[in-house]
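My questions all concern the structure below.
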């Protein structure tokens, strides 16, 4: 515990430190800071094949709207990894999206976020990566798809979506808020999933953190105010990030991975800082849906009472830290029902963490209920437990079912 | 998806009955989990007989209606689908004694040592029904069991139960014991297994089926539970009828 | 030829309750632990979720979650002169299989044994004289006392979140609990479960008859709970599909819902499923276990070397593996020598079915949990003077009805035909107004010279290994005990206002086709004399100090309670001895 506090103190310093020299393998402070930031930046998630014994050795397919890419090997292997990269080359990749040969990185590498880190932050991450066991794993990185293969298009892309530069503190806000803002906008790259994208794959800056769908999962609106997290307390948000669970929701799917590899490894102070910042990011109320067909709702209610209430309880409130509260879980009332349908169709396992090791799982119902029944159930759950989200149609369920059947992740 | 899983399960021979993984694996780091159920049940649908011949099926339906006769409130064994249930069971692992200990020597022991016969339920039914019709043909002018009156059928079954009628190549009382076990199982098991059609068996006694939450009623002493039964296949109210 | 795997510090045979407890404790001590489990991995959402767990045919009638006799079974006979025959389909008891073991499909009745149960022989001789015990009764003291086990009972109850009402807190008798229980250091972690109608009627009648009824200690949660390992359970919803079934909503204490999530986070633990241990290997001296040999699903044979071997399979399999591995001297009932296989016991269960006026009573029998129940303990162990009755032992009794599942629980009054219109009418009339506790009288079974286990000379398992052979019958002492208890039990239902009470006494000969409980005990018993026990008081094999044997196989005789609380407490007790004594100085914890 004491060690963790020391590290947290060092991070605060690190975030504002100026450019320094490359750290040597003996530089404990730099390596520890780098390790912490590599977790906060969730590098391991994309750069490790799940279940692999060789962390950071790449090869994981990354699904993007423009096709599937494969993450590179970032272990210190000199031939297939980044062992012979200079610190400048590493920094250019992480903070500016430039390959060693000067070509563009596809923004699946979240450099538009990582650019908010300092040069020292990135040097420290490098120092940490240098301590990883080198893994020989030559990853064939695909050619970038259009428009990222056109130099002129990229200049335009940069102008639209890439604002380089370190995080600058807002002196009118508390140190905690600033720390949270730095983590969310920088290493945490929350918007990479939670901010809606334009057709070019860039963030819709005006809709920051208002929800997006990727890889068959909803990254819900995480704004407060009238937004989806409006009724969550700061502690609710912090507990969710730290443990994967709170009285309202449980992290599953992509967010389970984020909690497992990243936020559960942050300090209590840092997840609290993120929560404080997020609670001040306000968002609009969801558009109230037109009332749905009474008969459909009645069928949905019957299915819910017979199959769902023994865990989620008849009123949808669930059991804290075990069975999500369906009126407060942000994915339930998200505009896009992708997550609701996915967990109903194929089930889901929530994340297990040291503080919440249970990791309860939701059973699958897709084998038992037809598309119309699942549509009715999803509609009932979305409309009846307080949020008045849009009804779900039978054809939407059909499409989701077909898509999941061929999905491998 | 489900069918493929079932195929794999059956293909795994003596691991047939195990749920979940059927292959040795190493478990570490986290609680294993994969999308979709490992062991979703099979739904038996109405349709052609899978084990019985048409004649055998008629006989079983007639017997089911004697063991559980229809009454004004509740259908009998036949309309409840007990014959369909037994047909599907005999076609499945139960019919072939799959998973039971089948190695010899097969020696008759004491009652307390349990049944030792190598005969499968499938053979028991096949031979039992053939014997039943042979007996009826001899005793009732060439009639089949299904052609007898209800009283005559009851009379034959009572004699089998009492050991007064002997079968060839199969124990008549053993056959009747199997019927007394299997027909009510068809009447009371989940409709997904082919019997208990429309949950008539459950409705008759007030059993609510697979409802999994009675927290609202555990305190309500001596009050009849008011909600209708639910099957794994659902109930009528699950079907949306958009207006 | 077995392929050799890299050595581990510890290999655990069987990942049920005791295997999970041992694995956690030893991994927590920093040892590199592997558990080898014969059956498959299984867990709530993918194997017995609420949307299909309540399938009576599949789980109760066709035994889905249990071992398949085809995989292995036992042979059985009542008397030594008979030829034992194989149990081809399960009946009197239900051997578990798979990760979680019996912990997946138990009822979760979480009892402690009485202090006098642990010193049974000396206690009974002191009170009644040696001549009071039948000549061929071979009961023994355990070598461990209730007071020594109390902290370990407590750990298990807090692991499980047991719901109950303390009856004896540090010597103070507490109203509403079991006044006969040994002193407990603190209350149960959760309050008792809600009791349905029939159970409350039983409590009222029992009180009026002068008894002290109390809620059965239950591993079904009366409320949501987080245990000391951080693992959470949900509230029980009284679904009525508990024993024989997996719990669909995390409401029953099982290894999966209490310990495995925390255990699997330990990097020094791993498990292999669908892998059957066929032998415990010993070195040339026979005094040291070198590991185990197991077979995977492809038929490949593997050797797993380890410094410490923990045997934590089901009772009979523990004993069978010791016999097959030629560890310890096999018991010989003629010579009354040897230890492996001796003092084998089960339980003496009987039931009473009561029929009430359907116009006045609606019990909703389907509203229940596995360990729900209202019990009395006046006739258990030595809680009453046996002097006038001419037998020893006893059991708790109670309205412990766990279900109203219609294939199993549609009682009809005696005299009803077995089929036809009258049977159908009787089923319909009595379903809501009959009470059938199932295991209402939960009596002890004490040990005898001619009740034991050895290897069968004829029948083999699929690997060609001899099946274990059970020789077991009820003795007069148990039959008398059961008659006495069943009469007392029936009187309570009479007082509840039943219009007909049907007693189903347990009778000899022991019938392997009739379900009692899965509480087979003994065969590798603990004690203080290596001539009459296989294990010392720490569950360490006398002859092979790096081999420990968990489970009810260590019970010298069975008490009138469900065994899980006690076998789990023994596992914690043994783990504690390994951590605090054995690891510091590996070797004999007690000098023989």
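Per-chain numbering from 1; labels A, B and C assigned in written order.
Heads up, the rule we're going with is that contacts are C-beta pairs under 8 Å (C-beta built on N, C-alpha and C of every residue); 3 or more make two chains touch, one makes a residue touch a chain.
Nothing here was measured: the structure is a model prediction, and the numbers come from that model.
S.K.: Measuring from the mean of all protein Cα atoms shown, which chain centre lies nearest?
M.R.: Minimum centroid-to-centroid distance belongs to C.
S.K.: State the chain with the largest centre-to-centre distance from chain B, centres being mean CA positions.
M.R.: In terms of C-alpha centroids, the chain at the greatest distance from chain B is A.
S.K.: Rounded to the nearest whole Å, what is the centre-to-centre distance of chain A and chain C, using the mean of the C-alpha atoms as each centre?
M.R.: A distance of 46 Å separates the two centres.
S.K.: Express in whole angstrom the distance between the two chain centres, defined as the mean CA positions of chain B and chain C.
M.R.: So the centroids are 30 Å from each other.
S.K.: For chain B, which residues are shared contacts with two or more other chains?
M.R.: Only 30-31, 33, 36-37, 40, 210-213, 232 qualify.
S.K.: By the touch rule stated above, which residues of chain A touch at least two different other chains?
M.R.: 307, 310, 347, 349, 352, 359, 361, 363-364, 368
S.K.: Scan chain C for residues touching two or more other chains and write them down.
M.R.: Within chain C, the residues that touch at least two other chains are 43, 45-46, 49-52, 235, 237, 239, 248-249, 261, 265.
S.K.: Spell out the residues on chain A that touch chain B in their complex, using ranges where they run on.
M.R.: That would be residues 293-296, 298-300, 302-303, 306-307, 309-310, 314, 346-349, 352, 359, 361, 363-364, 366-369, 372-373, 375-376, 404-405 of chain A.
S.K.: Using the touch definition up top, name the residues of chain B that touch chain C in the complex.
M.R.: Residues of chain B touching chain C: 12, 14-34, 36-41, 66-69, 71, 74, 93-94, 98-103, 105, 107, 109-116, 154, 157, 161, 180, 183-185, 188-190, 192-193, 201-202, 204-215, 217-219, 221-225, 232.
S.K.: Can you list the residues on chain B that touch chain A in the complex?
M.R.: Residue positions touching the partner: 1-2, 30-31, 33, 35-37, 40, 210-213, 216, 230, 232-235, 237-243.
S.K.: Considering only the defined contacts, which chain A positions touch chain C in the complex?
M.R.: So the residues of chain A touching chain C come out as 307, 310-311, 319-323, 347, 349, 352, 354-365, 368.
S.K.: Which positions of chain C touch chain A when the two form their complex?
M.R.: It is residues 43-46, 49-52, 224, 226, 229-235, 237, 239, 248-250, 257, 261-262, 265 of chain C that touch chain A.
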